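Consider the two complexes below, in which subunit A is the common component and subunit B and subunit C are the respective partners.
Entry: the complex of A and B
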């Protein structure tokens, strides 16, 4: 059954050649998965404890948060060579690239700071005091607002990217982990790992619009811990990693209702789609693998062994 | 239900007015004489407990910065021989919030002071079961797990590993005796038996002759699955490991231990708390530090969510379903509303790694798996919270 599904997929995705790059937190490597063959095709060494991972707009550069090396590394994805390090502040965990393709907003987990780095001059542009253990990072599509969520302070901090100053701080449930702007920036979503919820904010007013909770059959609510999430084409649905419950939830982004739960690997953390968003790749930290989900069918179709504690995932096209 | 509504109401309306809130907290450390122990390897840090409170204070202050909420702390040490009640009275006159590092009987006396009525006091240092049972106090919450929570965690490991034939060596200090009693109760609770028990009765220096004495001392236990040590002051236990007649695992106060906190915990974001603590204190975080941190963070979390600083509002919120503390143990921590104990997973560790975390898989509970550890609602005879 799985084989036939795969064969069908291979036929339909050939126009979608690409790679999913996965950071392996406890192996100091990135694994490169072909979105066609669904196999690891390369593994490159990185600095210590790689976590956040993202590509430049033209996919010619790969940025990696090497947390324990206290640097953001810039890699040539065609060769796997580290070109240079960017100053990042201490313990960079997660970051987001501004739509200007130039500024990185970096969460410094150990320092309660968000660092803004200019990737061209390789200089720190600003450091902004935020709450304890900053982690989730997002930038609005128009580039005007950056978000940092702080895990112990339990807030989303709203940064004006022009002044690099905070203009709002909104409380969310315990241990916020990830943030995303949705629907052309009209909404901003934050996941709370220990609170077990997603909070949705109206970007214009920073007011809370709604909250989503999860219920996985046979799993104690305490273990249902939303972390990373990504949206399908058109932002119609969110796929939400639920950490140690080993499930990904499918949330209707219009009604805020949870429609499905998909069993994946252990401690599912972050994810990314292939080019046409027909396949979703989730990192499963404890089982050390990546689960491939058929988005239309909402089924896990394959597990791919990667390094130890896969953390972040980023897609790049290769055709 | 009424309480919850009240809390939500307080939250919404207080937030909109955004008045500045200041929470003053006192930390009281009552110094006690400790009996000498055999090894000099592990001195007890002078700032044990206080270092945890200060870490929690800094966490609260950072959050408070964004909400116009301020936190202040005054620490007081009562030297041996001085009356802790005098100090406690003076502190309670300045603030209703008191974080205690003191023996159980001193904590009871402080909680019973007329000045303490309506106060919110945190026990961060005593695992005494009676404090969570018949001797509970309505104004006393416990962030340190009870001895029963730790020994229940250990019993779950025994059941899971099918170590059913157990023996125990017990020290003679009151803490050892209390721990041994907790072990016996936990074994009964989980359907296990003690096949043998001996009291540690050596007065020699085991650093030199453990390899000669311990094999003989443990020989008459015969065969067994695991040995439990009740040595809460860490006097003799370390010399028992690898010196037993039978080659069997050693558990309890040494070896495979059930603890509140340990430097080997790095999952669930704990690495961040550990590194914050170590940077500030040049040492590793102990269980008492963790309990003290949790007390301070409990207050902070309640102030953040209610924007209030009066003890009644905070106590109601802390004991409500709305409260949850992210305690770096992989689950939200909440308080038992029948005896004021902070529910929390218990780490099963050896000195180099985390082995398991209780409640272990398979130990189910009709309400909350965490309540398979320690005094559950039907077991506790505490009436003060009703």
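Entry: the complex of A and C
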């Protein structure tokens, strides 16, 4: 009995072994946090102003948007060495890796374009004109649609990934920051920082299906600014970073109702889960730390100091 | 049963009976911290600032921060209140009966202290239960580990009350001392605001707070509620308790009070 329990415990621990990689915008570094010990275990140097961060499908390569170096850097996560840079266009801020594990869709904030880069040939495949200050990037699970949100034009731009051309533009509230496809691509969610809302679109028709607003007790509405968000296992709930309100909202993805608010560090920006999605790691820019949230209890359990102005977060399993 | 145990049972039993018969006192003891928790804390969110201080592992709401301080507040008021009853006993004459019992004076006073501490622990648990219903939860184990911390804090604050009561001859005087002791002790402590926040406005106030034994009692309770041990806070609280007890024993010394000659 004891042996079985121990074995089960060991399995659970091993299954959850992993790392959260966090870009530190003002330190030009990435911090690596162990999802088991909840401590920073490594810090690697990057190009200038690292923001967007994502892994290749097999987690053997790490892509980092080094915004002020005007490059997407490719790092070997096992050694922390920068292998090479990818051409990215000016000021890459966010990107998303296509399900083909080959094409990166990059938002070039200063040039109002979305750049598509082939990570194997290291060449720009396409540059698509979008609205002013593009930021949020998403690709549908089937890989057919890419989304760019533009902060100043206040639009979500729908890109056909076969033709690399826009096929729709939909208005959203002020300063859209982040986009995600949900429920096997049936819905597309966009957060609007200044508008203080999440807008939900029907992917098939690009029609607006709903809008979610937030209200944090004791916090002025101007400070409630939704930015990054991620979905729990089965897409049942979304955890939404609310920027300078220093809270993360828990949204029921079926009813679109806000169920909870969790206090985290200052100016919470982006986030990622551990492997079984039992823990959520939020980057808190101003306080320079990462808050760990127990997803089941909806409680912040620890805040871990990282570099200055942590921005993006990405998970990598280590077992 | 030895006379020691009999006297302990009798004195603690009397305190308990007195407490049970004074329901208003129980309600008043709970209403006070609850007003602070539900009203004051709501308006003073900014008092805490945004910083992670031990024993907390992450950012907390102000309501969460002041719960240990309000536990201390319950004990502080209770310690003083039970001492008030000592002054009353002295005026009514029952004190004379108690102190003339054929047992060491320190034992009789300790029984008195133990009774008062037990009652304030009950009140703190009632308060913690209401706070939990309000949504302010501690780690489950914390509700157990806080018990010894409450006992030590309760004894220290009870001893302070005992000391004060030994120097006060009339009820009217005691009410004034309560105001001069309770409020400065409570406000010049870490009960309502962390010491680093106090240091931001005044170094002197911060130093006074750091010397205040009530600060250490509150920190002892705070750490214990989060299943952590704060050796410094325990040391300071025990030291303060020892000093207060010694002074109270001296204060209740028959040669000083003249009770034996008159009794």
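To be clear about the criterion, the second predicted complex is superposed on the first by the 305 of 319 C-alpha atoms of A that agree within 3 Å, B and C clash if a C-alpha of one lies under 4 Å from a C-alpha of the other, contacts with A are read in each partner's own complex, and residues count from 1 in each chain.
Basically, a contact is a pair of C-beta atoms (placed from the backbone, for glycine too) under 8 Å apart; a residue touches a chain by one contact, two chains touch by 3 or more.
A quick note: this is a predicted structure, and the numbers were derived from the prediction, not measured.
> Examine A:301 and indicate which partner it touches, taking first as subunit B and second as subunit C; both and neither are also allowed.
second
> Once the structures are superposed on A, label A:234 by its partner contacts, choosing first (subunit B), second (subunit C), both or neither.
A:234 contacts neither subunit B nor subunit C.
> So which bits of subunit A does subunit B touch that subunit C touches too?
none
> In the complex formed with subunit C, which residues of subunit A make contact?
Touch list, subunit A to subunit C: 218, 246, 263-266, 287, 289, 291-292, 300-303.
> Show which residues of subunit A lie in contact with subunit B when the two form their complex.
Those in contact with subunit B are residues 109-110, 112, 129, 131-133, 151-155, 157, 166, 169, 171, 173-175, 193-196, 220, 222-223, 244.
> Over in the complex, which subunit C residues touch subunit A? Could you list them?
42, 45, 50, 52, 57-61
> What residues on subunit B touch subunit A, complex-wise?
59, 62-63, 65-67, 269, 272, 275-276, 304-305, 324-326, 330-332, 368-370
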